[in-house]
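After the structure tokens below, expect a handful of questions from me.
Chain lettering (A, B and C) follows the sequence in which the chains are written, and residue indices restart at 1 in each chain.
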Amino acid sequence: MNDAPNDAPNDKDEELIVPDQPNPLDAETVRAIEAIIMVAVEPVPSELLAQLLEQPIVVIDRLCAELADAYAHAGHGFQLTKVAGGYRYQTHPDLSPYVERFLLDGQRARMSGAALETLAIIAYKQPLSRAQVASIRGVDPDGVIRTLQARGYVTEVARDSGPGQAILFGTTPTFLEKLGINSLADLPPIVEFVPGAEVVEALEHGLRIDPAADARG
Amino acid sequence: MNDAPNDAPNDKDEELIVPDQPNPLDAETVRAIEAIIMVAVEPVPSELLAQLLEQPIVVIDRLCAELADAYAHAGHGFQLTKVAGGYRYQTHPDLSPYVERFLLDGQRARMSGAALETLAIIAYKQPLSRAQVASIRGVDPDGVIRTLQARGYVTEVARDSGPGQAILFGTTPTFLEKLGINSLADLPPIVEFVPGAEVVEALEHGLRIDPAADARG
Amino acid sequence: MAVDVSTSVYEGPFDLLLHLILKEQVDIYEVSLSHIVDAYLEEIERLQHLDLDLATEFLLIASTLVELKARRLLPGRDDIDIDDELALWEERDLLLARLLECKTFKDVAGVFSKLADDADHSFPRAVGADERFAELMPDLMDGVTPARLHRAYLKATTPKPAPRIDLFHVAPIRASVADALAELIDELPRVGRMSFRRLTSGLVERLEVIVRFLALLELFKQGLVELEQAERFGDIDVVWTGGDGVLDDLPVDDYDG
């Protein structure tokens, strides 16, 4: 239990979190745990934290338990909980009415163009990795994929067999249901573009006389 | 400043966060702010929080500022920041090595010099057309603008009222997020960058028409 | 005169000009263009490959310098019209203003770079609510149909056009369009019909293809060829319709706006 923040003067910031662990390594580890869990979409298993932070699993579990206690003691609106074998932040149950109000009123309900394109690429090309989506869209799709994943439209379906074992994404049954189709075969078929289109287009664009050129005269 | 957790016994959890605000309404509001921002996928504007929590915007902004201070003071691995007009949780910058290790593809693409310069022009001069960008950079900005558009940093904000109705570009909230700033007002004033007299003089010298130049040859 | 420009500095024509004027203390009226060209060629050599963008930007700045220099070298400068003199000053002031503006935003870009680098060290939480709130999550797919998804896929996968090369850049090699015209006029009447792809198959540089295309458009404008495209994005067929007569002195439009 961490109800000791009053015992010692707080000359070190970290001590407020783990006051009985003056070891600075732990302070760094605790802060790294907080950072990693903060950005994780799925609960982060102790084993993964242990591996990333090069600490024994028991240390990770102890630090997470202390952290959870510290949050509870400080009365934060969020909790650190262990679910499905991993740690994650979630909102305190007594604040659910506010969260519900936010989810109902506060969120933009429209799918962005970027999200729709990413979803389309995953739907037609699955299974594929983030990097593959990026190479098609030319943009880092990380945030978008996370959103789509959070909504349950796409999910991790496999791991790449190559080095690095990249996560491969695919669409979910929820996605089919929302789209009102039975299977991916019901999507309009794709006719691959022949290369050359962009050359023609570039040439056509290149022949437009830019007003900027006029300004030089 | 929130360095007062040692001053009073913590019979109320919330007091650790806002010790100088014993108003329980504020404690509840603060906890609700934490919960809402925790489930948001993009920065939450003060106005929205104010509306959902039925508090004046100034109160929300004050509480968020205090909360951010409290997190910083406690040395957490995460921060509460105001970016692109809203509040969000983000990881503390000094933990980026751990977070990047976790996210694997966490490294962001760096922008080229051309992209940064074009972005700078658009940020300060918006709304403006391609031709106007070209006249400043002296280079056709088409490819660069398209890249910036694809990344979501700039967008078409209007059409020129003149003949041709050129597309006018401006920056997006994503741009503000990319730079980690709250609004365009946070950018340094452009006058600070206007070259000094010696540069002007050097340029003038280089471009002079004065026949005296002949004498130097 | 040694022009020692690194690639990161060598971004655009104004960069070069700024560099020349500020770093090398160069009076552009004294600059030997051949020196600049030599320095440029050395730079290209060092880069190991020809970057078309750099090349065109260089041509642009070189032509600007030639233009300014030419004004100095014009015969009868003593009789120069006061209006011309004023125009020259005006042009020079305009150039100065643009250089100052260019430098300003170059410096601002440095600040942006720093801000972005700092911001890149923090990662935002964008996780959303947990499953307890699943039924309250807005249905993002509301209004998304298979057809919309299909369109989005096509939009995402349609090759993005290569960076545009417009006449702003091509202008300095205007003479080549006339050359290309001459070649086409020699070749097309003999073959009658040929695809644009084949017509340009022997060309290595993108610029050459573009110049060919310009020449072809010129012929089209003159009513000497027909262009046919059987399908969207398909090959363009070029058909000679100009007869067998020898064509001399075909008027070529001045592309410089």
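Convention: a contact is a pair of C-beta atoms (placed from the backbone, for glycine too) under 8 Å apart; a residue touches a chain by one contact, two chains touch by 3 or more.
Bear in mind the structure is a predicted one, so any value in this text is a computation, not a measurement.
Chain centres were defined as the mean of their Cα atoms; on that basis the chain farthest from subunit C turns out to be A.
In this view the innermost chain, defined by its CA centroid being closest to the centroid of all protein CA atoms, is B. Note: centroid distance subunit A to subunit C, computed from Cα atoms, is 39 Å. Each chain gets a centre from the mean of its Cα atoms; for subunit B and subunit C, those two points are 32 Å apart. Averaging Cα coordinates per chain places subunit A and subunit B 21 Å apart. Multi-chain contact residues of subunit C (touching two or more other chains) are listed as 123-130, 133, 160, 162-166, 168. Residues of subunit B in contact with two or more other chains: 38-41, 78, 89-92, 99, 103, 108, 134-135, 140, 142, 150. Against subunit A, the residues of subunit B that register as touching in their complex are 3, 5-6, 9-10, 12-17, 27, 30-36, 38-41, 44, 48, 51-53, 72-78, 89-92, 95, 98-99, 101-103, 105, 108-109, 130-131, 134-135, 140, 142, 150-152, 164, 166.
Residues of subunit C touching subunit A in their complex: 123-130, 132-134, 136-142, 144-150, 152-168, 170-171, 197, 209-210, 213-214, 217, 233-236, 255-257.
Remark: subunit C residues 8, 11-14, 18, 20-22, 25-30, 57, 60-61, 88-89, 92, 95-96, 98-113, 115-130, 133, 160, 162-166, 168-169 touch subunit B in the complex.
Residues 38-43, 78-79, 81, 83, 88-94, 96, 99, 103, 106, 108, 110-111, 113-114, 116-117, 119-121, 123-124, 134-140, 142-143, 146, 150, 177-181, 187-188, 190, 193-195, 199-200, 202-209, 213, 216-217 of subunit B touch subunit C in their complex.
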